[in-house]
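What follows is a set of structures for review.
Each of the two complexes below includes chain A, the first together with chain B, the second together with chain C.
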Partner chain A sequence: MNPKLLTFALEAIGRRGGKNAAVGIIFALLVALLASVLLTSRSLQSEVEKTLSALPDITVQKLQGGRQGLIESDRVYAIETIPGVTWARERVWGYYYFQNAGVNFTLVGLDFFLPAYEESLNAAIRNFDIATWMDRDFMIVGEGVERTLHANYYKEYFNFILPDGAMKKVELAGTFAAGTALQSSDTILLPVTLARTLLNAPEGLATDITVAVANPEEVAMVATKISRLYPDTRVITKTDLAGSYQNLFDYKGGLFLSLFITALASFFILLLDKSGMGLAERREIGILRALGWRMEEVIRLKLLESGIVAFTAYLLGIFIALGYVFMLQAPGIVALFEGYSVLKPAFELPVVIDLSLLGLIFLATVPLYMAAVIFPAWRAATIDADEVMR
Partner chain B sequence: MSAFLTPDTLVLLLIEGLLLALMAVLLPSLWRLARRFDIGRTTPEQYALEKRAYLAGTLLRFMLWVKIALFVYFVYALDHLSGVITGAMCAAGVINAWDYGPLLLGWKLAGLYLFGSWLVLHRLDLSRENLPFSRLKFRLALGLAAFMGVEFALLIGYLDALDPATIVSCCGTLFSTANVSALGTLLAIPKAWLLGVFYALFALIVASALLRRSGLAALFSLLFLPVALLAIISFFSTYVYELPTHTCPFCLLQKEYGYMGYLLYFLLFAGTFSLLSAALAAKLVQEKARFALGLWLLGGFVALATWYPVGFYLKNGVFL
Partner chain C sequence: MNKPRLLAAFILILIASIMAQLVYLKLKASAQEETQPAKEAAVRLTGLPDLALSTEARFVRHRSLADISTILSEGGSLPEYFPSAHLYAVSPQAHASGVIRHEP
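Right after this comes the complex of A and B.
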C-alpha cells in the first residue's frame, strides 16, 4: 500500500466530511445493532455452557404415556452395576408456583449429609451449619428467591401450599450465591423428605436419576445400555443438551440476522442511490485524470476512501455494541433470548469476545458496503477529464 | 429445524448471493467484452468497452478477496456446525452429511485457484501496452460466472440437506482404511511410499524451480497438492494429535490443536498457487518465472508438517 495514496484518501474523506460522517454513522449504528444481538447471544450461551458443564453426564427420566413421570428409586442400583458408571443418584426436584409474585421456584431436595450430585450445590451448603436445623423444616434459597420473598414480606419463613391445600411453614435458613446466575437464582434447597411432601413424590419414587461416567468417551455407550435396560426411559446426555442449546441460540440469532439483512439491504440501496458525486468531486477526479492518473488508480483511491470509512464505522459499531452489551447489560436484547423463566434473575452478562463472531459481523456488513460503492467508484474513475474541466 | 437459519450459514448465503448478483450484473458487459473487445480499433464502442473492462477487473478482484475470506469462514462454519449436527465431532462429519458435500468443498477450493489465476492473467494483461490477453480473460471470466453459478447451487443443495436430526459419521470412520471407498483405498497406501513420494515431489519442485523449468514446476506442484493432502490425512495429522488412530484433516482446525490447520493449509494452498501462477505467467509473457515466494511458502509447509513427527520423536524417542 502506498502511504501517500493513503494520506491522499484521508484528506479526500476530510474534504467531504459531512457526507462521509453521515454514511459512516448510519453504517456504524447498523453494525452496532447486529453486534449487540450476537454478542448478547454468545455471552448468554457461554453462561448456559457453564451451567451445562456442571450438569451430570447422563440424566434418566421415566416416560409414561409420552410424558415424564416419577421413576423408581431402586433403579439406581441396577444402573450402578453398568461398567464405567462412577455413581448413579436419584433426584427429587420440581417447580413451585408462587402466585403472589407470579414466579416459579425450583425446589431441589438434598440429603444434607451426603455429597450432592452437583458440585455447585455442595459449594452452596458447605458453610451451612446443619446441626442447628436438624429437626426443623428449613430451606436455603438462591438470591433471586430471597429478593422475591423479601418483596412479599417473608423475612424468616415461607408458607408453601401443599397439593392438598394445607399450609406448610418452612423456615428460611440461609441464602447462597451461585456460580452461574441463570441456573441457581431461582433455586430453593430443601431436605429431601420435605421436598417429597411439597412435590407430592412418595418414598421410593424420584423425579429422575443422574449418572456420572468417569470416561467421557464412554458416555454414549453407557447411555445406550441404560435405555436397553429400561426401555421406558428417556436417556439424555450432556452432549445432547449442549447441541440443542447451540441450536437454540443459533436459531434466535439467525432469525434476527435474517430480519437485519433486509434493513441492511435497504440501507445499501440508499447508499447506491445517494453516492452520486457533487460537482467538486467530479472536478477533482477530472484534474487527477488530466494529471495522468490511470482509471485503475482513481478506482483504487475511491475504494480506499470507502474502505476507510467502512472499516472505521465497523470498529465504531463494535465499540458501541461492546459498551451497550457489557456496560449497560444490553437492555431490550436480553429479553429476546431469555423468557423461559418468569423469575428473571438479575445477573451480569459475562464478557465473552469471540474473534469468529467479530469476523461474522465483518463479513455480514463490510462486503455489502464495498459492493455498493464499487459502481460509483468506477463511474467516477471513468469520467473524461475534458468533460468535467470544460 | 433447517440449517439455513444459523448465523454462519446466513452470512455465507448472503455473501455468496451478493457475489453472484454482482456477477450477474457484470455478465452482459463480459459478454460484449469477450466478443467485441479489440484494442486495435479506435471506435467509440471500443472506448466504452475499455471503460467497462476496468469495472470487470475491479469487481473480479473484489470477488476474489471476498471469496478467500469466505472460504476460511466456510471451513470455520463447518467446524462450528459440528456442535449441532448429531454425531459430527469436526468438520469432516458435517461436510459428509450430504453426498456432494466433499464436491462442494473441492469446488470452492478449485474456485480459489481459478479466480487467482484469472487475476494473474488480468495483471499480466494490464502490464502490457497492447493488452494482449483481454479477449481471452473475458472469455474465461464468462466461464468463472458459470462456475460460480454451479457453486451457489451446490451450496444451497448442501445447506438444504444438512439436518441436525440425522446422524452423520465422525472422522474416525470416514478416514479409516476400513472405509470402502476410493479414499479408503488411497489411505491404505504404505506410509513409507507416501512419504517418499511427498518428499521426492517437493525436491523435484525445488529443483525444477531453481532450474527455471516452469512447466515441470507447475506439473509437480499440481501433483504435490493431492499427495500432500493424503500425507496430512494418513501420516502428519496423527503426530499433531499424538494418536496413531486419529487420521483426520479437519480436526487440525480446532482449538485443541491451536488452530494450526489454518496455517498449514494456508501455506500449502498459497505455496502451490504461487508456483502455478508464476509458471503460468512465465509461459504467457516469456519472462523469467518468479518462484521465490512459492518456494518459501511451500518450504514453510513442508517444514511445519515435518516438525510434528520430528518433534514427537525428540520428545518420546519413538515414532508412532
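Right after this comes the complex of A and C.
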C-alpha cells in the first residue's frame, strides 16, 4: 500500500472528524448490539452442549392421551434384554410449585446408595455425607432453591405440601457446588421414596426410563427396538437432544437478526441520504480529478478512508461487546433469556469467542458500509471535474 | 499531535486493548473450565437436559424433553405469554411424529 495515500486518507478522515466520529460511533454501537446478542446466545448454547456427554443415551416417556403419563417401572427389565443396552433405570422427577415465592422447583428422585452415583455426588455436591443421612428425609438443593428457601426463613429444612394437603418436613442436607447454577439452580435431589411421596408417583410407576447404550452407533437401533416393543412411548435419543440444543436460539437468533437488519438498513439509508457525500467531499473529488487523479485512484482513496472508519468502528464495537458480555455479564440481554422467572440462577456467562461469528459480523457490516460510501464517490468521480467544482 | 497521528494512535491503542481483553478472557475461560467436572456430575445425577436459566414454563425449562402437549398444557394461548417462549425455539422433537419410530 502507498504510505502517502494512507497518510492522505487519514488526513481526509481528520478533516471531517466530527462527521466521521459520529458515523463511526453509531456504526460501532450497531456492531456492539449485534455482537452482544449473538455472543450471549452462543455462550449459553455452548453451556448446554458441553454437558451433553453426561446425559443418558435414551430417554423413554410414555404418552397417554397425547400427554406424558407415568410409565410402568417393570418395562426396565424388558428394555435391558435388548442387545446393546448397558443399563436401563426408572426415573422419578417432576415439578413442585412453591407458592410463597411463586417459583417452580424441579424435584428429582435419586438412589443415593447406588455406587454409580458416588463419584458424581462427590464432584457435584458440597458438604454432604450420605452416612449421616440414613433413614432421614433429606434433600440436596441447587443454589437458587437455597436462596429462595433462605429468603422464606427455611434455613435447615423445608415443609413440602403433599398432594393430600398434609405437610412433609424435609431437612436440607447439602447444596450443589458453586458454578453449577445453570444446570442445578432450581433442582432438588431427594431419595426416590420421598420423591414418590411428594410427586404422588406410586410404586411400580415412574416418570420416565433412561437407558445407556454401550456403542453410540447402536443408539438409533436400540431406540427403534424400544419404540416397537412399546408403541405408546416417545423415545428421545442423545442425537435428538444434540439437535434440540443446536436450534436452541435459531429461530429467535433470527428474530434479533431481523431487528438488527432493520436498524442497519435505516443506518445505511441515512448514510447515503444525508452524509454519504457532502458538497465539500464532492468538490474535493473534483479537485483531485482536476489535478490529474484517475478515477480508480479516487475510488482507492475513498475505499481506504471508509475502510479505516468502518474497521475502527468494527473493532470498537467488538471491544464493547466482549466487555459487555463477558466482563459485565450482559445486563439487559441476559434478562431477555431469563424471562419472567423469579428463580434466576447466579451464574457467569461462559467465555466463548467464536471467531467465525465475529467474521460473520465483519462481513455483514464493514463491506456494506464501504459500499454505501463508495457508490456516491464513484458517481462524483464520473462527473466532469469542472462541473463538480462548480 | 496532528489529527492523522491521533487517529493512528487511537487505532493502535484499540488493537492493543482488544489483545489485552482477549488474553484476560482466555484466562477467565481457563478458570471456568475448572468447574466443568462439577457441571457434568450435576447433569449425570439428574440426567435432565437444558439450562435452569428460565424456569417459568416447563416447556422452556426442559424443552428438549417437552412435547407439543406439554406446551399446550400450559393453556392454548399461554405459550406466547411467557417472554422466554419468544427466545427459545421449540425443540425439534416436540412434534412426536418425528420421534416415535414406527416402521411398517
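Side notes on the structure shown:
Note that the second predicted complex is superposed on the first by the 345 of 390 C-alpha atoms of A that agree within 3 Å, B and C clash if a C-alpha of one lies under 4 Å from a C-alpha of the other, contacts with A are read in each partner's own complex, and residues count from 1 in each chain.
As a convention for this text, a residue touches a chain if its C-beta (ideal position, glycine included) is under 8 Å from a C-beta of that chain, and two chains touch if they have at least 3 such contacts.
Predicted model, so just to flag it, every value in this text is computed and none were measured.
With both complexes brought onto chain A, simultaneous placement of chain B and chain C is permitted, the two fitting side by side without a clash. When both complexes are overlaid on chain A, the residue A:A206 reaches neither chain B nor chain C. Judged by the touch definition given at the top, the superposed model places A:N247 against both chain B and chain C. Contacts of A:E296 after superposition: chain B is touched, whereas chain C is not reached.
Look at A:Y95: by the touch rule set out above, it reaches chain C but stays clear of chain B. In the superposition on chain A, A:E47 contacts chain C only, with no contact to chain B.
Of the two partner chains, chain B is the only one touched by A:S258; chain C is not. Once the two complexes are overlaid on the shared chain, A:V31 sits clear of chain B and of chain C alike.
Once the two complexes are laid over each other on the shared chain, residue contacts for A:A381 go to chain B alone; chain C is not touched.
Using the contact criterion defined above for the overlaid structures, shared-chain residue A:L363 touches chain B, although it does not reach chain C. Of the two partners, chain B and chain C, it is C that touches more residues of chain A.
Taking all C-alpha atoms of chain B against all those of chain C in the superposed arrangement, the shortest distance found is 7 Å.
Under the contact criterion defined above, the residues of chain A that touch both chain B in one complex and chain C in the other are 243, 247, 250-251, 255. Residues of chain C touching chain A in their complex: 2-4, 6-8, 10-11, 14-15, 17-18, 21-22, 25-26, 28-29, 32, 35-58, 60-65, 67, 69-70, 73, 82-89, 91-93, 96, 99-103.
Against chain A, the residues of chain B that register as touching in their complex are 1, 4-11, 14-15, 18, 22, 51, 54-55, 57-59, 62, 66, 69-70, 73, 76, 80, 83-84, 86, 126, 164.
Interface of chain A with chain B (complex): residues 38, 242-243, 246-247, 250-251, 253-255, 257-258, 261, 295-296, 299, 303, 356, 359-360, 363-364, 367-368, 370-371, 374-375, 377-378, 381-382. Of all residues in chain A, those touching chain C in their complex are 7, 10-11, 13-15, 17, 44, 47-48, 50-56, 59, 61, 63, 66-68, 91, 93, 95, 103-104, 106, 108, 110, 117, 119-124, 142, 144, 176-187, 189, 208, 210, 223-224, 227-228, 231, 233-236, 240-241, 243-245, 247-252, 255, 308, 312, 315-316, 318-319, 322-323, 326, 336-343, 345, 347-348, 350-353.
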